[in-house]
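Dropping the structures in below, format is structure tokens.
Both complexes below contain chain A, partnered by chain B and then by chain C.
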Partner chain A sequence: MKTPRPPGSDPLAPIPPVAGQTLDAQLHLLDRQVLDSDGVPVTTVDDLELGAPEGEPETPIETVIPTGTPAPVLRALLTGPVLGTRIFGGRPPSSRLIRIPWADVASVGVVVRLGVSGQGLDADWVERWIRDKIIARIPGGRRDPR
Partner chain B sequence: MILGDLLGTPVHNDDGVWLGRVADARFVVDGAPHRLMADARLLGLVVSPHSWSSFMGYERNSLTQPWPLPKLLRWRHRGSFFVMWEDIEVLGDRSVRLRPGYTAYSPALDGNGQE
Partner chain C sequence: MKRLLGVALGILTAIGGFVDIGDLVTNAVVGSRFGLSLIWVVAVGVVGICVFANMSGRVAAASGRATFEVIRERLGPRAGLANLSASFLINLMTVTAEIGGIALALQLASSVNYLLWIPLAAVAVWLVIWRVKFSIMENVTGLLGLTLIVFAVALFLLKPDWGTLASQAIPAVPAEETGATYWYFAIALFGAAMTPYEVFFFSSGAVEEGWKIKDLIQSRINVLVGFPLGGLLSVAIAGCAAVVLLPAGISVTSLSQVILPVAEGAGKLGLAVVLLGIVAATFGAALETTLSSGYTLAQFFGWSWGKFRAPAKAARFHVSMIICLLVGIAVLATGVDPVLVTEYSVVFSAVALPLTYLPILIVANDPQYMGKHVNGRGVNVVAMVYLVVILVASLAAIPLMIVTGAGA
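Right, the complex of A and B next:
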């Protein structure tokens, strides 16, 4: 493997200024905790789904992208059973990943905050199932501990 | 497209010369407005010839402490560069190819590394 340096680019120019908040996927989104509108933890961001902006044709994959094609946008935060694939490689099938639409994201900082309640999301169904089927059957399990 | 498929993908120029791997994808929240946040559009990709993993983004900010971690991590990511979406000709989970005459930008983030 050689020639890793891009031609004629030392030192490299800074990126032209942009108007909005800049987010690097690995630094600012992946593995971040997701809180719902009440501040209750929902899940963590395991992956991200990209897609063409609304009303635009799908971004070509593995074929030449015509000049002027609009950049893909973040469609959803993905979460799911990724422990095994993180150890052994690969990723779960797309159908096994649970999507939290980007339209439900209220802010991105140290944590990702949603503008909706976690009760209606599929992302924490395991927690709800354990609460309703196991914890609730323990004597005193239906009482608010606060 | 799932972003995880793109990270670590080999990046080549239009002559097929290997330039590195996709280390990260940068988004900017300036797309179509929604009820809560605007669309986050893909601004471009960070390409690294030595390592496509990142540890707390030291190589993309100006932090110098704790010594000697920032220096070591920047050395590990030497030669990294950023390409804008407009300079990407082919995007896929097997390879990414850049357009002829693409511009390589510094992958550094401003200020505290957030935006």
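Right, the complex of A and C next:
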């Protein structure tokens, strides 16, 4: 639905020309499998975090966006409890978001590949916890089946 | 020679792996009440599972993506979660039924109460998942499951009047049954033949074994030869029940009645073989369904999964399977009849069929995933026809269950 602009406001700045592939967040990023640099699954892209480009002031949420504000950029892939809020509504506080910085993403195809190992990522902490506290303690837990 | 052996092995395991507790119970129940008049449903179900198992295998080989990753990507988180909840719960019900089936078969073999066998069966299932290599697991249970051919042998040894048996195979509602029960059991049989877990398992298995496009011919032969022959096994189970139980007015409510015709036709030896076959088939299916519950969860949430990894490298996957087995034990420990759980699980499987099959069909037509291996027109026509059948069965299942009092 198109909402009429309040009188006197200017249209938002036009989308700057971009080089390279254009990604549709819904189609190419959200709900895609994320693999780390070794091809091990890390998570699924549960949500995305947008923010002001580097060096620009953040626009507070739920306020009128002033004229001339530069287009937001993709900051990070989100995972964890944010999936719950994406399905059922609401927004977790920013401090609770588990982020995979966009700079870590190496390529986007049928899967999103990271350029870093999943081992050190915050996104992998549940996996590491279950591995160290439960699975690795059961005999044979570290044995490679092949 | 080695390749030929590989093909033969694949076909044999596909036959042996086709029958699970759902097929055993439902075919025997149907045979004992409707004779062979519902046998056409098995044929319809087998063609359907061939089409869709093949398709999901091709998706997995072409894109490296297993079914539930694809379901989440295509349906989004909300519909995907609803789908996951339904598929997972029905799968958990099937896990419970299969473990109960192992325990019941062991009870028949040992006269030790099945409740005592349940924890043992569940631990054995877990141990195999924990330690045994995927391909060995598949081949051993599949080959042992082949012993269920004894149902076909028994059918011959019973020396039925083949003419009357064949004349029973014409679709018609028997005089003592109503149309509603006839169609209710048609849906149950359809659900038993097309259980969604087979597709989860098939596509995830393709990733486990690292299939590439060139391996697809082998898998196509396995499916197209193995599943129909497995379907023939189902028919033999129903045939045995139709020859022995139907004239005696016995309707199947327990596993001992399922194997009664084998004992009558093939004697003690047959009985021993059929018990081995049932343990192998239900054990194999328990492995597949337990793995499937791990696969669906891990693929939806993007966890690391697979038996090709050490358990420590797929920790959440393994923990979720352990929890599923514990839940299965807990449900069975209440004393609920595993045969009853089986009967409900096949009908609910029929309800959930569109949730699995529609997303696969969509992705199999998506060139971004499939490249040049998208569905051909012929496959799409058949798949669309099946989608309509699946949808009708799914919508009619619950109302028919209520109207017939679950087929009573």
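Definition applied: the second predicted complex is superposed on the first by the 104 of 146 C-alpha atoms of A that agree within 3 Å, B and C clash if a C-alpha of one lies under 4 Å from a C-alpha of the other, contacts with A are read in each partner's own complex, and residues count from 1 in each chain.
In this section, contacts are C-beta pairs under 8 Å (C-beta built on N, C-alpha and C of every residue); 3 or more make two chains touch, one makes a residue touch a chain.
Quantities reported herein were computed from a predicted structural model and do not represent experimental measurements.
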item	value
Contacts of A:31 with chain B and chain C, given as first, second, both or neither	second
Which of chain B and chain C A:71 touches, first, second, both or neither	first
Partner chain in contact with A:94 - chain B first, chain C second, else both or neither	first
Touched partner set for A:20, first chain B, second chain C, both or neither	first
Touching partner for A:50 - first (chain B), second (chain C), both, neither	first
Contacts of A:120 with chain B and chain C, given as first, second, both or neither	neither
Touching partner for A:61 - first (chain B), second (chain C), both, neither	first
Chain B versus chain C, judged by how many residues of chain A each one touches	B
Interface residues of chain A shared between complexes with chain B and chain C	none
Of chain A, residues touching chain C in the complex	30-34, 40-46, 79, 83, 86-87, 110-111, 126-128, 130-131, 134-136, 138, 140-146
Residue ranges of chain A in contact with chain B within the complex	1-6, 9, 11-15, 18-28, 47-51, 53-54, 59-65, 67, 70-74, 78, 91, 94, 97, 102-108, 115
For the chain B and chain A complex, residues of the former touching the latter	1-5, 7, 13, 17-20, 23-32, 34-44, 46, 49-50, 54, 56-57, 60, 79, 81-82, 84-86, 88-94, 102-110, 113-115
Touch list for chain C against partner chain A, complex	63-65, 69, 72-73, 76-78, 80-81, 130-134, 298, 300-305, 307-313, 315-316, 318-319, 368-369
